[in-house]
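Heads up, there are several structures right after this.
Same chain, two partners: chain A is paired with chain B first, then with chain C.
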Partner chain A sequence: MSAEQTQLAFGWECRILADNGCAFPAPGLHSFLFKPMFTIGGFEFNKVMMLALLTTLIVVTVFTLAFGKAKVVPGKLQLAAEAGYDFVRRGIVYETMGKKEGEKYVPLMVSLFFFIWIMNIWSVIPLMQFPVSSVIAYPAVLAAIVYVTWVSVTFKRHGFVGGWKNVTGYDNSLGPIKWLVSFIELFSNLLVRPFTHAVRLFANMFAGHLMLVMFTVASWYLLNSWLIPAAGVSFVMTMVMILFELFVQAVQAYVFVLLACSYLQGALAEHH
Partner chain B sequence: MIANLVQLAAEEEQSPLVPPGPELLVGTIAFAIVFFVFWKKLLPNINKVLEQRREAIEGGIEKAEAAQTEAQSVLEQYKAQLAEARHEAARLRQEAQEQGAQLIAEMRAEGQRQREEIIAAGHTQIEADKKQASQALRQDVGKLATDLAGKLVGESLEDHARQSRTIDRFLDDLEAKAEATR
Partner chain C sequence: MSASIELAAGVSGSLGSIGYGLAAIGPGIGVGIVFGNGTQALARQPEAAGLIRANQILGFAFCEALALIGIVLPFVYGK
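Let's turn to the complex of A and B:
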């Protein structure tokens, strides 16, 4: 099985007990590789890129329809969009950073939340069925943006020395172990943090997609002979996983933004 | 099979944790568009509207509060006026009652006085009339009796002294008899 065949995750003829020597086409890394849809000057444009751009299109379109000509007495769409906006602004940004400090970062957090959420939702949209954030590049870009933001804010707010003290949690009252603490903090904050921030989102979506593909493929693969009830179980599991994924998609968008806010809050806070 | 896939992945240098360049670019562009539209256009837009709404609601609340305060003061005023009016009415009623009682007492006294006057006048009149009648009667009876006696006896009874004494005695006898029979 080569990467070129992964447009369709399995062959139609491939069934259990079919006696054509076909094993279960388990999903794997190949499920996340797509052959290019077209190529412009060596730039290979694939399905995931299309979905990423569709995400942008959808978020911008929906919110332009909702907020483009916003009214004091809102329509249904504006009301719903306001609820989402308010959730991020009040429920995440103000909660972590406070209204005064947080206001400036509301646009970043709101766009992060809805961009990530729609990227995740592609996972369960028929025909698309692929979460954009399960390709590490997309979470990595967003985590990098957050990383650059909070690191620059740290040094802008506290100056060069103060910035380093903030990042390392340097504290004289700790005595000689302060060097050890500072080293761990430095390692954890500057090196591990952006990596975990991106991978947390990526891995959740990656695993979710694997599960969905696994149960979907199994539902078809088992649909033969006396194993048909097992196919039914697998199909029910597919439905359950779709519902669960819908939940996870929203939660992961929320967690990503919440962490971004908490990093920024730490950058803005006075070092102790 | 799985080993195959891992090998394949390794061959194509597609570890899932190593981001491919083109996708980083697309991701950056896709997010940048969303961010700038939100930052420059949509969020300022909705914030303005939310602010307007907040002001409209707060303005409404202020207006309602003012109206309530006014209503309260008017109510107080009315209550005060009503109490005053009640007080006034009670005072007037009291006054009227007092005046009425006084009037009745005055009229009663006046009536009493008039009645007594009329009775007294009547008594005086009766007394005078009685006296006059008795006087006239006495003279007339005396004269008539004398004349009659003179005619009968034929002798002059002109002797005034005797005559008068006799008549009086007679009359007194009469009166005494009348008293006794009454």
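Let's turn to the complex of A and C:
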């Protein structure tokens, strides 16, 4: 059903008010499944993987070119890369973790930010038009990296007992309800946190892509007889949604890194 | 009573859409509160704009996540 339905949407026959009674080919899960481009030893390589690899290449190349031979008086590329690096460093890491503790995690956060942002931006690049992070595996692995980092930092910083106290928010002054509080904190920190961290990015990109596909397909589907103005409205909506998506993509990359920093900050902080 | 239960059991169609409409009420209120109070804070203390904006976006993301989980669930559990 996957490829056929997408093909139908762009056939001339399938229109509103057409005699053949062709229904609106609504986007769905099939919009997120791709046929493999080629197979290497039973391993299927598809468009999403290609985009993820491209993203890695772009991030690595741009930052290597910019900082490989860093000059005191920066060129254009170095200036832009420095602005981006400084935005994450000052705007996110220093704000949450402080200069002393945070400096060590700046490289991780900068790479996360630009990796996620470029993965999201593929959503509106012509011909590519698919946000890599709308496939749950990618945000899940990124959230797992952050999770492993902050949990190991907690136990390294506070020791075994102190680490558990930090994770559960154990506090003697709470009296008997401290067990209830600890249980809820444990549940929310160790189980809910990584889940929402990954799903927030995934669901934003998933919903955004669905919306873009819907308006794009609708402007094609409505292009018949007296409904042509409606197709125009749908096309304008596509453009508006693209602008909105550009904003959402940047915000989601920002939020992902901001949350990663605040988790790390919680791991580094002294429990009380 | 039993008649209304029978009636409810007979409801069919795009129930996912109705469910999502209901699910969007809470996050909608939440996002409204976040930006309303954020704007108020900005008006009262324009010099703290950077800090307020960061927290505003964080609160927005927390609320919005609920609505987005609502979008995804019908795809996961539908059919």
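In this section, the second predicted complex is superposed on the first by the 261 of 272 C-alpha atoms of A that agree within 3 Å, B and C clash if a C-alpha of one lies under 4 Å from a C-alpha of the other, contacts with A are read in each partner's own complex, and residues count from 1 in each chain.
Methods note: a residue touches a chain if its C-beta (ideal position, glycine included) is under 8 Å from a C-beta of that chain, and two chains touch if they have at least 3 such contacts.
Keep in mind that what you see is a predicted model, and the values were worked out from it rather than measured.
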Answer with clash or fit: chain B and chain C placed together on chain A by superposition.
fit
Between chain B and chain C, whom does A:Leu53 touch in the aligned arrangement: first, second, both, or neither?
first
Is A:Phe43 contacted by the first partner chain B, the second partner chain C, both or neither?
first
I'd like to know which partner A:Phe206 touches here: chain B for first, chain C for second, both or neither.
both
Is A:Gly28 in contact with chain B, with chain C, with both, or with neither (first, second, both, neither)?
both
Spot which of chain B and chain C makes contact with more residues of chain A, would you?
B
Taking the superposition on A as described, I'd like to know which of chain B and chain C A:Asp171 touches: first, second, both or neither.
neither
Just to be sure I read the superposition right, which of the two partners does A:Val251 touch: chain B = first, chain C = second, or both, or neither?
second
Per the contact definition in the header, classify A:Val135: touching chain B only (first), chain C only (second), both, or neither.
first
Please indicate which partner A:Glu101 is in contact with in the superposed arrangement: first for chain B, second for chain C, both, or neither.
neither
When the shared chain A is used to line up the two structures, what angle, as a multiple of 10 degrees, is there at the CA centre of chain A toward chain B and chain C?
100
Smallest separation in Å between any Cα of chain B and any Cα of chain C in the superposed model?
5
What residues on chain A does chain C touch that chain B touches too?
28-29, 199, 202, 206
Once bound in the complex, which stretches of chain C touch chain A?
50-51, 54, 57-58, 61, 64-65, 68-69, 71-72, 75
Taking the touch rule as given, give the residues of chain B at its contact with chain A in the complex, in rising order.
1-2, 4-6, 8-9, 12, 14, 16-20, 22-24, 26-31, 33-35, 37-39, 41-43, 45-46, 48-50, 52-53, 56
Residue set of chain A touching chain C in the complex reads 28-29, 91, 95, 196, 199-200, 202-204, 206-207, 210, 251-252, 254-255, 258-259, 262
Touching residues of chain A toward chain B in the complex: what are they?
1-3, 23, 26, 28-30, 32-33, 43-44, 48-49, 52-53, 55-56, 59-60, 63-64, 66-68, 70-72, 81-82, 85, 106-108, 110-112, 114-115, 135-138, 140-142, 145, 199, 202, 206
